[in-house]
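Each of the next two complexes has chain A plus one other chain: chain B in the first, chain C in the second.
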Partner chain A sequence: MSSRAASRWTDGSMGKRVAKRYAAERRFRLFGLAAVGLSLAFLAFLLITMLMKGIGGLSLEFLSNSDATEAANAGVWGALKGSLLTILVTMAIAFPIGVLSALYLEEFAPRNRWTDLIEVSINNLAAVPSIIFGLLGLAVFLNFMHLPRSAPLVGGLTLALMTMPVIVIAGRNAIKSVPPSIRDAALGVGASKMQVVFHHVLPLALPGILTGTIIGMARALGETAPLLMIGMRAFIATPPRGITDPSSVLPVQIFLWSDEVDRAFVEKTSAAIIVLLIFMLLMNGLAIYLRNKFERRW
Partner chain B sequence: MTLQLALVAILVIAATAGLFARKRATGLRGGGIRLNSLPNYHALFVGLWTALPALLFLAIWAPVQSGLVEQAVLASPAGQQLPDFQMVRDTILSEARDIATGRIAAGFNPESNAIAPVYSAAYGKYSMVGSALAVLIALGSALLAMRLVKVDFRARSGVERLMMGLLVGASLIAILTTLGIVLSLLFESLRFFKQVSPTEFLFGTSWSPQTAIRADQAGSSGAFGSVPLFWGTAFIGAIIAMIVAIPLGLMSAIFLTQYAPARARAWLKPILEILAGVPTVVYGYFAALTVAPLVRDFGLAIGIESASSESALAAGLVMGIMIIPFVSSMADDSIAAVPQAMRDGSLALGATKSETIKKVVLPAALPGVVGGVLLAVSRAIGETMIVVMAAGLAANMTANPFASVTTVTTQIVQLLTGDQEFDSAKTLAAFALGLALFVITLILNLIALRVVRKYREAYE
Partner chain C sequence: MIDTLIPTPTDTAEPAVEERTPKMSARDVKVFYGAKEALKGVSIDIHDDRVTAFIGPSGCGKSTFLRCLNRMNDTIPSARVTGTIELDGEDINSAAMDVVQLRARVGMVFQKPNPFPKSIFENVAYGPRIHGLAENKSELEAIVEKSLKRAGLWDEVKDRLNESGTALSGGQQQRLCIARAIAVDPEVILMDEPCSALDPIATAKIEELIHELRGRYAIAIVTHNMQQAARVSQRTAFFHLGEMVEYGKTSDIFTNPREQRTQDYITGRYG
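== the complex of A and B ==
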């Protein structure tokens, strides 16, 4: 029978077949390596381009000036302050609401149609395009509630609605990973359900929740489209004094400068991108540090 | 300003009431009797019941007050001279509001300077009334709550009921947001469809949304056929971006999970994730400044005359790169979910590693990968900044990747950020486009989530 002949391993033809299969194996492996390499090369290309174009624009004046019509005088301080105020508003709203609803869904919610509805909407909101949140902000906060245009308050509210589902999902995972024995022990010594959750589960889940929150905040910091929708694209030369003052934010400032005809703004735009990327890197670094320091395997 | 003061006052009253309640509860315990609840719970109970009703009142009062102020201003002699036209009147009123609250020094319209003092007076009067009422409510509820502090009063269950309400309320925000999105998009879209028929919007093939100011001007009607926009969106987001993202993302996932040593994986994966963390405005700038000229020169070099510097290819390429980590991590998850026994079985029969991956692991992981790709498509078509900065504005229906096409999100930004009057079909069209985008991404997400979930159950 031919199949018996084919399984003779010392045969020359068999050796060739094995060699061919091993070559295919190496090729496949090489493709994989190339895919990773290509992606990383693109990332390096992007970062190096920005660094080369923008490093000359970074200076103390650039960090302390605000937007100006002359490229030479333009700086990022106003936009940076606007970004920080916006993120503060986002954090103040999204974090408590996100944590509370994560606690409710994970620890208290009965399984019924209502909680299913809540769950479905949270999962969907996490995947809704950010520009839709901008339209929501425009229709509700500006046209219906008449909040001040282009202010960090409105920007923060809009971004909070966008970040809240991210925090809820991260929070639920963190709460899920707290072992049931902790709850049983606390219940066993007479704690009420609410005391179990707020005295024991929440503190243990908090590092995980914080990690998710910081990552969500970093995403909100880099978000542009929804803020364009609510009018944060005006030329504003003075840094905002409060959350109701008109203000710009860093990503929008980048967008506005990228539209300038004056070639001198190329350097400014790239420098502003470097500043933005440094902030994102710091926030993500903090999240990774928190995760490594407090992550517990039960 | 007084409303903010009232807010602070309420919080101070609540804190002091809480402290008093605590002292009283501790005093009750002095006689050696056991309290039903700890003094801290009495304090929380009194504090919460003091603050919440007053805060609720303030939340309701704020919008009521602005309505009342507006009425008072319009009823005043200066207000009655304002033009009847709704839009002009609203502009003047909002300017007067800005002057009265000190946000700007003087208005653009002379009328707004005239009514600013009236506005200021009405505002002062009503916010005084509101603050006084809020503080009275806080004091009243503090007194009522304080009377409940007794030995056998179950303060803890009271506090926990309140907390429970807070928890439920917080989770309802998600539903409210969804509802808000659907309602606001629907409402504005309906107004749009009163002016433009839905069939023209859905099936029309010509898009030029500029409506003229006078009716007799050329091209006064504007065309709102959205088919070219959806074609452009699909071309960039679902075709070009996916041609880049699927092979690179999938192969990266395979390499990282199956071949890379654990230490290399621990380094490479987070670095790859940075691609997903770079803000989209940075990608957009990079696409417009660096990639687009390269693509155009390449197009000219291979003999395509019409190569545009706002080509679909440049935007799609960069978008594909942005999506790589997303596809990769979805593929990673579904590959990891394939049971080890299937892999071992294939290897034991003598298949090489790559044969196992191609013939066993990938087919088994396919539903998860497909779900991940659908989610990636939904993310790509909703992506805004890359296409706003790198894709064009001309609504072309072309399959030439070097030509310029426009997308739904680009047009939304374009429609809402130019000089605009709020009720025109042009502005409302943005909401109709938003509604269409929302529905499409929703359907994609629902299908994807269902596919992924069903597949997970199969192996558990």
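== the complex of A and C ==
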């Protein structure tokens, strides 16, 4: 045993090893910083160019008008309202169904080949390209169920299909991370399965579920392709009054404006992007607020 | 009744309570985890007014047996229990037995303190609330106070009932869990190594508490600490490799065991 060699803490070779360790740490910090810097630089570039090009287009008029053929009159209100209604429909459908599915799969379903199959399918669904969901929405909601074309209802339903797997996966992970000892504790005083789930597991999993949900929602908010498939690309000059009125949504509006030949629409495009980014920022802020509010330690 | 008058737990001059019907009785209980037989036919009676200790080397099936008594093994998909276990002469595994009610009647304290991440008050009030044991808020408050007093925690927490139960020290958390268990007024209390995470002072408090609870509840306790078994229990069962090797008066087990394996274990020859 060379136990003597290892105990010489102060000689030169040990000093060299320590110096090497410090160098490695410095290198790692540098690379990490560079990686963060790179992504920040891209974000800053995007924000600055958008702000420079679009800030002039941001006005009360822009925010309260809807789309128009004349760039000067075109506004974002119709698309903003459409996005809001669409996301509300998505939320109202995807959240309860996603959370209930997650709860059922984690807490009640037996572990067998069927549930394994369901698990694999859900994971696959989360990875399916959004355009496929658009085709599905077109086939089911428009051609089969004859729901109104271009409406936030159909857009919301289509996005709900897309968001649900994300919520189920986030929900299951959040539920899994609730310590089993809490379940034992509740069962031990005679709580029923339902009481364990709704009094203890769900409240503790909620912050994780909410975070996952809002990330899914933010993704849905920015989706363009599936909404094009269900006809939300029409020129619509009046804001929707309800979820069955024809409507546009922000990302589609941006897409349409960016395609215009009229140079005046460049500013409109940038301004609409700013509105969309602020909308997303607000949603993410809400996610963080809710998470902190419900966060509990154990 | 006579039992409760006897102050020392290791008293050998016990009356013939054996003829009384036991609170719980297990007959030929076997537990399989998948194909593995973890418990190989255990028969034990647990009496009122008395503390029964389960000792034995790690992995011998003490927790497994304890968890049979309130059917906590139901929550493990691979576990299968055979044999009969009766509570007051009723088969706890029969269809007529409601498992939720069973767990209220047979309370459990776990090895690791596991308070709910809720307030101290809510931790204790939860059981009575879901079972509808209190008509109104003041009754509920009375139950919480009584339970915390019995668990010897009241003086330490009475000014901060709204603080989180998880913010207490380990020993306080464990007493909180005991308060939570007795708040639903169970008939039997199962304790699985309740002191294994605690320092000697907190351990002494819990042991004192067990003395006080004896007489009101039938208590079964798993412990690795031989002295603790000797101090708190009147009956001791020695488990080894899934078998119950010996069961008898605690004083007999510790001073005069019948089996060589028991002798070896309590003298520390293996463990």
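Keep in mind that, in the parts below, the second predicted complex is superposed on the first by the 248 of 298 C-alpha atoms of A that agree within 3 Å, B and C clash if a C-alpha of one lies under 4 Å from a C-alpha of the other, contacts with A are read in each partner's own complex, and residues count from 1 in each chain.
The working rule: contacts are C-beta pairs under 8 Å (C-beta built on N, C-alpha and C of every residue); 3 or more make two chains touch, one makes a residue touch a chain.
Treat the numbers as computed from the prediction; the structure is a model and nothing was measured.
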Overlay on chain A: chain C relative to chain B, clash or fit: fit
Touched partner set for A:81, first chain B, second chain C, both or neither: neither
Chain B versus chain C as contact partner of A:123, first or second or both or neither: first
First (chain B), second (chain C), both or neither touched by A:192: both
First, second, both or neither for A:200, with chain B first and chain C second: second
Which of chain B and chain C A:183 touches, first, second, both or neither: second
More chain A residues in contact [chain B versus chain C]: B
Distance of closest approach, chain C and chain B, by C-alpha atoms in Å: 8
Common interface positions of chain A, toward chain B and toward chain C: 192
Chain B to chain A touching residues, read off their complex: 63, 66, 94, 103, 156, 160, 163-164, 166-168, 170-175, 177-178, 180-181, 184-185, 187-188, 247-252, 254-256, 258-260, 268, 270-272, 274-275, 277-286, 288-290, 321, 324-325, 352-355, 357-358, 375, 378-379, 381-385, 388-389, 409, 412-413, 416-417, 422, 430-431, 434, 437-438, 441-442, 445-446, 449
For the chain A and chain C complex, residues of the former touching the latter: 110-111, 179, 181-192, 195, 199-200, 204, 296-298
Residues on chain A engaged by chain B in the complex (per definition of touch): 21-22, 24-25, 28-29, 31-36, 38-40, 42-43, 46, 49-50, 96-98, 100-101, 103-105, 108-109, 117-118, 121-125, 127-133, 135-136, 138-140, 143, 145-146, 148, 161, 164-165, 168, 192-194, 198, 218-219, 221-225, 228-229, 233, 244-245, 251-252, 254-255, 258, 266, 269-270, 273, 276-277, 280, 284, 288
Of chain C, residues touching chain A in the complex: 70, 72, 75, 77, 100-105, 107-110, 112, 114-117, 126-127, 130-131, 166, 177, 180-181, 183-184
